[in-house]
Amino acid sequence: MPDLLEIRSLAKHFGGVVATDEVSLEVRAGEVHALIGPNGAGKTTLVAQISGSLAPDAGSIIFDGRDVTRLAQHQRVRAGLARSYQITSIFRRSSVIENLALAVQARSGSSLGFWQPVASESGLVDEARLIAAEIGLSDRADIAGGELAHGEQRALEMGLALATRPRLLLLDEPMAGMGPEESQRIIGLIERVRRSVSVVLVEHDMDAVFRLADRISVLVNGRVIATGVPDEIRANEEVRRAYLGDEALSA
Amino acid sequence: MKNRLLALAAGFAFTMLAASAGAADKVKIGFVSTLSGPSAALGVDIRDAFTLAVKLNGGKLGGLSAEILIGDDQFKPDVGRQLAEKFVKLDKVDFLTGYVFSNIMLASIPVAFENKVIYVSPNAAPSPLAGKQCNPYFFAVAWPNDAYHEAAGQYATQKGYKSTYLIAPNYQAGKDSLGGFKRFYKGKIADEVYTQLGQLDYAAELAQVRAAKPEALYIFLPGGMGINFIKQFVASGLSKDVQLITPGFGSDQDVIRPVGDAMLGLFDTSHWALDFDNPANKKFVAEFEKEYKRLPSVFAAQGYDTALLIDSAVREVKGKLDDKEAVRRALKAAKFASVRGNFKFNRNQYPIQNYVLRVVGRDAQGRLVNKTIATVFKDHGDAYVQDCAMK
Amino acid sequence: MSDMLLEVAGIETAYGQSQVLHGLDLEIRAGETVTLLGRNGMGKTTAIRSIMGLTPARQGAISFRGSRIEAEAPDRIARRGIALVPEGRQIFPNLSVREHLVAFAENRSGAKEPWTPQRVFALFPRLRERAEHMGNQLSGGEQQMLAIGRALVTNPYLLVLDEATEGLAPLIREEIWKCLAALRAAGQTILVVDKYIERLVQLADRHTIIERGRVAWQGGSEELSSNRELWHRYLGV
Amino acid sequence: MNARAAALIAALAAAVAFPLAMQAADQLFFVGFASRVLIWAIAASSLNLVLGYGGMISFGHAAFVGTGAYVSGILIAGGVTSAWIGWPAAILASAVLALAIGAASLRTRGAYFIMITLAFAQMMYYLMNSMKAYGGDEGLSLTSRAALGFGLDLGNEVTFYYVVLAALCALLYATHRLAHARFGRVIAAIRENETRAEAIGFPVYRYKLICFVIAGAAGGLAGALLASHGKYVSPSLLHWTQSGTLMIMVILGGVGRLWGGALGAVLLLALEHLIAEHPIPWLLAIAPNYPQHANLGVGIVMLVIVLYAPQGLAGLVSRKRHA
Amino acid sequence: MSWILILEQSLNGLQFGLMLFLLAAGLTLVFGIMDMINLAHGSLYMLGAFFAATLVQATGSFALGVLLAIPATALAGMLLEVAVLRTLYARDHLSQVLATFALILIANEVVRIVWGSDLQMTMPAALSGPVQLLPGMPYPAYRLLIIGVGLAVAALLYVLVAKTRIGMLVRAGASNREMALAMGVNIQRLFTLVFGVGAALCAVAGAMLGPLFAVQVGMGESILILAFVVIVIGGIGSIRGALVGAVLVGMVDTIGRAFLPHLFGLFLPPQFASAAGPAIASVLVYLLMAVVLFVRPQGLFPARG
């Protein structure tokens, strides 16, 4: 499989603190690539650098054969790189459909329309309805984002990223703060979208990670200490020592 | 919501209409001046003297009961203009008067001209209105903007100062003033500096003066600007090396009061002084001091004369204020006893009068006052009248 | 019950709509070292934030030394004698090492031999060497020592450590464990959140495992170390 | 016809009839006064575009109003009296200035953005103060208003009023269209959640800048009208307290509501006029000088609104309607 | 252009800069700790000047009057904080801007009602003359006093912020408010105190500048914007940044006004130089701000890492 995303020696410092330290990894087209590691290992910082909301100090990001390191976030989105947030980030006062239609609008033509009402563009709403169905929010389409249940908001969070029709989806802890039933819903959603989109998944829920991931990279102190299929990661001693704990050795 | 708004608008319009019904048997004066801020003392003196004159007149002007509407322009041209607009268009005053500063006046009085309301200026008399732009609805009661400065230039020439440094604010009257000084000064101009109107810190300018080493320094800085300048001038030690000359108002009572003894021996030129020996002036000075417990300044004298002038004109036309031509003729005749002694209007409706040299000294009671020393100009007009088309 | 220091009863805490704690209970007696265990995202840090008043609980009660504190402001709670060594250390970048220790030095528990900046320097000589350095010039390990020192100089009844060994080199981590052991020996009450269970069972008296915002298991060190099933089920080990 | 449309037509009819009524009553002052109110309504509505719709707390809007006034004034003073040149020039100049100020200040956020827009506007104030050629601190008096042609004499108060009214209506209608068009949706999205707007692929900075520039341009139009209205331009138009007053209008009327700016301008100026000109007798008996301290009332009302009714008066009314 | 002139103008710039610092120092701390925009800071400066003018007159002693005005203004500032500003911390910046703008209007009118629109304040007679600094360079004694007071207060503030526990707590609060809270710092009380100190600094500036300028309503409004410029340049929350920024702004402004027109005259036609010189000079500090912003968007000495 060819690499869809290739990260080369990405580095980012905050003051004296190293957030990502020469991170290199590849995401293959079609795979779900999980990124795990202890808190503060630099996972969110890495996602931010891939998505373009944070500029790296050094290194490069190649997406689909194109160097996107210097591109702004919105340009990367247009190139097919979308993300979701660890802390739900939706348009809380707009309805589900309005949320999604906005994301559809973002990739369909210029938004420098100052005169024609958006409401007259049926294409946007039609497509938004499709995506609402995809994320299982069809029957909640006209509810304001802020009034949805937590799990529904998380689904909408993913839906906003999906609506940009990405080729690579960066999911930052999609199951954060969820109960077991709600987690199942998101896992199901990821299972569905993986058929058409490659996924980078940052997640602490190891059950979900081992169930979904084709490959896993382990980030510790801003460095990738291992990459491999789930069984390799389970068996990797360095991973167990650094992340799963010293104790795991004697287990 | 909209209905409520409509109701509000209707109520608003109604109160406006209700307020507009007015009587016809009185004379309405719109008085706008600078009554707050560091330069307020000037406007306050004009206002106090003006209202004093009306009070001494039994609350009347020319036999009609006088209604004086007072507005504070806050030293802001746009505020001055809005007040003029209101007095002229809403209150429909018969005369407008009061402005101290020519920039505020220039911004405001076109409203009066357009609506054929006569403006009687108790102070500002800028050169354009004396010449090409002379206007039948404009009367300058005090002195043409250049006059004090011409007199000061004349005096500096007589004293033989070889170099003089000039400072004035960057506005019409400032430019007029330095132009006037230069017209009669034969020595060298060390430098000519225009500061911001309303500037209060002169540290940078004083440093430049020191570096230029002039013999004399002439400043045109009315109100708070002059007070601050003179204080800072003395504080800088320059007063030992450089002779400071000011126009009359630059070292009058409003400046002497806050600055104090540092003023002693300062020369200035004016068209009026406390010690002018005529009955009108004696009455004015005495009544003013009695009423306000302070000595009047030259601005007060101007305000007082303005009221007397209007009084004489209203009397002359027997209250027929709608006949603007008659009112104009009556004003131009200036049939009243001015506190400055004799004066008459030029054909541009600017005064022709005497100018004197004064020095700050102590009076019999030990107070700091300006004393008349000599006459610099006799029956002096202005240089712009030739450009005025008015007859 | 007289030696009960902290009593958390049925607290529920949420960030906006996302509820993290669903009726958590916790008890700490004076002199005990207690752990809070569980996988990431199960509510350990939130529990600590609720105790400190930083993210107040919406329901439930928290008592400290007999007083209800669940509605109090964080600074008030801290002054009652709870000191936090927070996740991510939160060193003040614009204060020097010495200032970190001097600024908060106070004998809040009225200890007979109170912690002073000097004692902290004796405990962590590396901090003494870097006393005049600013907070943002320190390495991760130094920051961690400073965070502990900063908490100690307030002489708290209860010392709370949240992920105190996270992201540290093994040698430094070992130093922190030794320090905690010494503190415990000196009678300091400690609540610790960490994931090195192997070390924690040696260090602590009792353990609490949180699973999805509730207490899933509580017990002593021996019980925990002998029950590998618990490790696997709740701690992902 | 629904109630909303009826109210709109009634308000418009009242606005159209007003100058005729005043003319009949020989009260032309109020026509001039109303024109001034409507011009400030345009200025406040333009600020509302960036403040309310765009969610950018721009504290330097007076710079754009003032620049428009100066450009139009300088052209008239220089003999170019045609409004067809002067007003577009004013709009263009303000837009260019907004582009420059916006490009610099939109790089920053929060408190910085507020302070920097404030400082740049104050810079324009000092710049105009020191421009001797254009009157400096003395200001620039104009001999006539701009000329519109077509036999319309802007010197006539009633004609001028209708032109201003037309401009305000045009601006509000354009704002209404814009708010519901693609661009308006993006701006609303950015205001609500800037991070997310960027993450779904909108070039946030660019859209914010465009919004800033449109608002600046509309402010320039208000300035050009002001210059003609008063036949006078001075730096005080650009002083930062003027920006604050504009903000007060927007808040008073309702942030991000179509009518907010206009409503606020009418309320504030009418209130000022009423306090100064129509003192309440019993209040006058207690505090004889109170009409001179109208700003005390404005300040207290503002403080109370900010503390207790952040949605402004329009918010209060609509909240009641929902209840 | 002589060296003495340059030296004298530099002293003038320093004097202005130090007074700006007094205003900016309080403002920047309020920003840093509470993330709060306080436009009414200029009103405290005005209030300080009015208190000083009144108390100097009442006591007949300049020093005593000024010294009494400082605690009086500090008290007024703390009252303001407790009564109004405290409720604004949790609100958005727009609310803060509007509420404090409303406070300016209120303060102006209240001062106008109590004192009138302006007051006279005279400098002590002993200081109203010049002091011979160098041969051929006398300098106003009162301005030297201002420089002295400014330096002394800056030093005092430095000691307070850098050496005392209160100062450490203030810095801690400015960089990480939540952690300071968790360490038991009573931020609310600390902030009231900081606000009082800020008001006291305003009073010092207002009282010292009173005799030189004018004690009038609205005196704080223009200087407030310059204080903002200082903060933007120096970095929010940093006292050191405020000092560097203030002196920089004071120098650039004074030197620019004094020399730029002459400098332009050297290589530009005179009519253009005389027009452009003052125009550029008047906006020089804002250009400085734009440049700093471009190079370092967080200011020269950002308090937060």
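In this document, chain identifiers A, B, C, D and E correspond to the written order of the chains, with residue numbering beginning at 1 in each.
Just so it is clear, contacts are C-beta pairs under 8 Å (C-beta built on N, C-alpha and C of every residue); 3 or more make two chains touch, one makes a residue touch a chain.
Quantities reported herein were computed from a predicted structural model and do not represent experimental measurements.
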Give me the fewest steps it takes to get from chain A to chain E if each step has to go to a chain it touches. 2
Just to be sure I understand the contacts, which chains border both chain C and chain B? E
Closest chain to global C-alpha mean, per-chain Cα centroids: E
Please state which pair of chains has more C-beta contact pairs than any other pair. D-E
From the C-alpha centres, identify the chain that is farthest from chain D. C
Look at all chain centres (mean of CA atoms) and spot the one farthest from the centre of chain E. A
With centres defined as the mean C-alpha position, give me the chain B-chain D separation in Å. 36
Using CA atom averages as chain centres, what separation in Å is found between chain C and chain D? 56
Per the C-alpha centroid definition, the whole-Å distance linking chain A and chain C comes out as 32
Please report how many Å separate the Cα centroid of chain C from that of chain E, as a whole number. 43
Tell me, which residues of chain D touch at least two other chains? 129-130, 132
Note: chain E residues in touch with at least two other chains are 112, 305
Shared-interface residues of chain C (touching two or more other chains) are 93, 136
Let me know each pair of chains that touch one another. A-C, A-D, B-D, B-E, C-E, D-E
For the complex, which residues does chain D have touching chain A? 174, 177-178, 180-186, 189, 192-193, 195-204, 207, 210
Give the list of chain D residues in touch with chain E in this complex. 51, 57, 59, 104, 107-108, 110-112, 114-116, 118-120, 122-123, 126-127, 129-133, 240-241, 244, 247-248, 251, 255, 289, 293, 295-296, 298-300, 302-303, 306-307, 310
Mind listing the chain A positions that touch chain D in their complex? 51, 53, 72-75, 77-78, 82-83, 85, 89-94, 102-103, 105-107, 110-119, 121, 160-161, 163-164
Spell out the part of chain E that touches chain D in their complex, as residue ranges. 31, 35, 37, 39, 84, 87, 91, 93-95, 97-99, 101-106, 108-110, 112-113, 221-222, 225, 228-229, 231-232, 236, 275, 278-279, 281-283, 286-287, 289-290, 293-294, 297
Given the complex with chain B, which residues does chain E contribute to the contact? 1-2, 4-5, 8-9, 12, 15-16, 112, 116-118, 120, 122-123, 127-130, 138-143, 211-214, 216-218, 254, 257-258
